[in-house]
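Some notes on the structure that comes next.
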Amino acid sequence: MIMDKDQRDLEKRIDGIKQLKPSLYGHDFLLTWEKEEEDLRTIIEVASVLKEMRAANISPKVFDSGLAISNFRDNSTRTRFSFASASNLLGLAVQDLDEQKSQIAHGETVRETANMISFLSDFIGIRDDIFLGEGNKYMREVGAALDDGFENGVLPVRPGIINLQCDMDHPTQSMADMMHLISVFGSAENLKGKKLVMSWAYSPSYGKPMSVPQGIIALMSRFGMNIELAYPEGYDLIPEIVEIAVKNTGASGGSFRVSHSMEESMRDADIVYPKSWAPYHIMQARTELLRKADKEGLKELEKSCLANNAKFKDWEFDDDKLKLTKNGSALYMHCLPADISGVSCDRGEVSAAAFERYRVETYREAGFKPYVIAAMMLTNRFENPGEILSGIMRRNRRRVGTE
Amino acid sequence: MIMDKDQRDLEKRIDGIKQLKPSLYGHDFLLTWEKEEEDLRTIIEVASVLKEMRAANISPKVFDSGLAISNFRDNSTRTRFSFASASNLLGLAVQDLDEQKSQIAHGETVRETANMISFLSDFIGIRDDIFLGEGNKYMREVGAALDDGFENGVLPVRPGIINLQCDMDHPTQSMADMMHLISVFGSAENLKGKKLVMSWAYSPSYGKPMSVPQGIIALMSRFGMNIELAYPEGYDLIPEIVEIAVKNTGASGGSFRVSHSMEESMRDADIVYPKSWAPYHIMQARTELLRKADKEGLKELEKSCLANNAKFKDWEFDDDKLKLTKNGSALYMHCLPADISGVSCDRGEVSAAAFERYRVETYREAGFKPYVIAAMMLTNRFENPGEILSGIMRRNRRRVGTE
Amino acid sequence: MIMDKDQRDLEKRIDGIKQLKPSLYGHDFLLTWEKEEEDLRTIIEVASVLKEMRAANISPKVFDSGLAISNFRDNSTRTRFSFASASNLLGLAVQDLDEQKSQIAHGETVRETANMISFLSDFIGIRDDIFLGEGNKYMREVGAALDDGFENGVLPVRPGIINLQCDMDHPTQSMADMMHLISVFGSAENLKGKKLVMSWAYSPSYGKPMSVPQGIIALMSRFGMNIELAYPEGYDLIPEIVEIAVKNTGASGGSFRVSHSMEESMRDADIVYPKSWAPYHIMQARTELLRKADKEGLKELEKSCLANNAKFKDWEFDDDKLKLTKNGSALYMHCLPADISGVSCDRGEVSAAAFERYRVETYREAGFKPYVIAAMMLTNRFENPGEILSGIMRRNRRRVGTE
């Protein structure tokens, strides 16, 4: 049985959730910057309660049956398992939709397939991050098809869509990262005034999506932090999304600046997130070439991009850079897997020594993602998430055992 | 909570099911023409009740655990999801059996594998539609192996087999189509005297199975409809199955005729089903070549078949042909995906305008399939399906929620 | 409803389990020879009760949610389905981890992946039997990573690992085989003094793992049987594991001898297990070549190994050899699929006639595996398996039905 103190604590938190007025019910989760602060707080609170429930052996299953479809148009291990875990926790069975990889399919094919797989489905999780200007658009096209199907009586329920990474954002990652920050710093309030450096880092690989750095600056800028975005000249992110981050810091009482020196950016940082990405203009060129199926051109682009990356091998996060941060002990974050020098590659985003200091922290960081996804599901399907959580407490069903 | 009126309506329908005396218990569902009319009516009624239950948030889960094995020896998206949805609705977990595609395996391998995967399985859904004379035979071989295993105490339960499309029939499709017709026309009785045209249609692809047109004429002919089978000369279906349809219409008070003009056939039609297939003699030749693994021969055959198809590009269903039907508004049906001219191909089975008129209808048509499969499962495992449905009502478990 | 007599019988067996003091709680199941006799007896008893429960339509589901991860680094059908069945029986959803096949990955990749997939997982089943000296080592590396993650608060639960076949042992196979022997001979006690021949047999295939014969001699030698290990000279198993079997027979009151004549070995045998394997020195050479990715060398090795195998085509188990056994009716065993002469190959491990005599027996033998795996799971997660089984009886939930 759950301890009385824990139970009271959980019920107190659930009462807090009942006070929140999110606008999440019936809405897809595609971009954090389309959501209200109340929405984000609700998801973080619900995710946190679900995590505690599971730790206390309380089963939060709210679906007796139903499918959660995973549509991975790019490889994934950790997000795939997070999605599967979240679905399973709430009672849904995962069914994979295996499409030809990285296709650009639109129109009737998308509309029809979206309906055909959804007759008894409650959620569709989509990863589509290869083509610039396509991933998020594809999700919206699926969403429109589902609206159409639901309105026309084809679908008994409008399945919710969860963005599992697109060309613009990676909201399940950034929200999990936010939960990690809250857990490390004690509260969202404590993050005010903290300096977070989202820095480009060297990697011998090419074509890493921009969605993580974009997602991080766009989300973290809403909590009053001082955001510093560091990258070698030319390694820009999508300008419109940087603009959102700039506006957010203005509104939340933080600040935003761009730096072109990894070292400079590290000074007095509270939090550092060194992570490689392919620059915007390369992604644009790549998408154009992919669209034309120009294999030669793609090879050339990769070659030149890697050659350019190689000029910035000193953009590796190591103990020397760590020493520059606040008290020499900023929190290092990464979405994993990191390119670790001497471990997963000759030279990469982070030195082995620096990574090892924070290895367990990065694992904990990743551990929030299943609960973030489950919270996105719960708040999409239940208008009053606090009430359903209370129902789970009252019902008091064990996750493991015979009672 | 479910509305009292809905509940009374559901209970009335369930009472009706209790009056039926099907012979489905413990029998595989392989071909509609092996089943009694009472069997088909029972499945349609049970499927219909399951659909309403789910819409009313009543969970019809009757398995607390158990596997449903899907064995797709040909590609599938919609039937795969329908099978997964049906299994999940009743409480079974889907486990895929991945075999080398399109193999012709017989003897000990089939017998042994059938038993090895079935120790804790309740159903095996099989799609095997590539080889003429093989698919249905394979299903029966699996069935005999399961009988043997069950009789010898190897298997605690004899898993039921559901034909998810073979060389002869596609019963989950035709039964879903029948439910759609009943839904559109109000009742099975209302279908008496209606003219249904199962017509070949042009497609730039080759080797489409005959199981859908065969399944449609063999099933719809049992409900007193006037069936017209239209195709260019040479595009025959398996003669024995056409013979079944002819006999059925005789017994049910309908009629059956063959036409070699798509246009002529459309006159005064109430229902039209324009769909491409590869002719019987081509399928025979193809199976022979596949058996010999004669790659050159297969290429040649495909070439000559496509060239012959191209003579019949005017076998496209369009608004002009629609105008010829009863009141210019026959119900258009398709098992999807359709080859839509100017959408999925240059020229295909149906014009974009004609398809768009019925697009939502074809989606609704497809939406019955998960419930047909679930009904096949329920009637296979429970001698009195009405009783088990009453048990579901009494138990009153929600599909979504905490109660 | 379950019969009262059956129920009393089940409760009596469960009372017996409560008397046992296994050390299985929280421990991975990697090698039978690391386990105490009490451990093995407990697993066999629990597996047996679970099998009877399911036959009596009692659902032993003890997980309301949770993932069971299957990590197959080599092909599998029957063990894959056994793992899926066991997981499903207890309430867990299977999630496959698809890695590049047969890789040797160590260090940070293994440690990180092990944690990333385990946030909401209860078990990881691993098959890794390609590389000598690697498979079991890999499982321990995963285990150490999970310990690390659990101790550091990354994982809420330490998932248990189940060896689904490695380079050394195949414990779910040998334990299922032991259950089969107990079922055929009436009790474990009745096995004392019986002669079991684990014999090499000819196969036209190459590179079959040694884990089955090793697992069989290491386990069966603990029950007072007279073990005879027969193989052509040069076809040795790993010497350290043969040594374990020798010691075990000493301790259990049985005997152990090696023979180089299949015929001689069969005399007066009570149980025969004719099964092909690749010899130790070939496996060593193969692992070395695989490590160097020496494709030419591998081809050469395969060729020479097959040529050597061909010298021993008379190591086929047939009716003549059967006649040599005790009363001409020893129990034939095989882990399946067997290479059956004239059925799955021209000439193989067993003649068609001899196999057919025992075909159904080999199916029954295989049917214990899902319950062995489920028992390994149950005893890993519940300190007092007898208590949890009593809880299942008290709860009295049907596997099939609405009650």
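Every chain is named by a letter (A, B and C) in the order it is written, and numbering of its residues begins at 1.
Here, a contact is a pair of C-beta atoms (placed from the backbone, for glycine too) under 8 Å apart; a residue touches a chain by one contact, two chains touch by 3 or more.
Just so you know, these numbers come straight off a predicted model, no measurement behind them.
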item: Chain copies touching (chain B, chain C) - same or different residues, decided at half shared; value: different
item: Chain A on chain B, rotation in degrees - Cα superposition, rounded to nearest 5; value: 120
item: Whole-Å separation of chain centres (CA-atom averages), chain B against chain C; value: 41
item: Residue numbers of chain B (touch at least two other chains); value: 93
item: Complex contacts: residues of chain B adjacent to chain C; value: 62-67, 93, 95, 97, 107-109, 112-113, 115-117, 119-122, 148-149, 152-156, 381, 388, 391-392, 394-395
item: Residues of chain C that touch chain B when the two form their complex; value: 54-55, 59, 61, 77-78, 81-82, 84-85, 88-91, 93-94, 336-337, 340, 343-344, 360, 363-364, 366-367, 369-370, 397-403
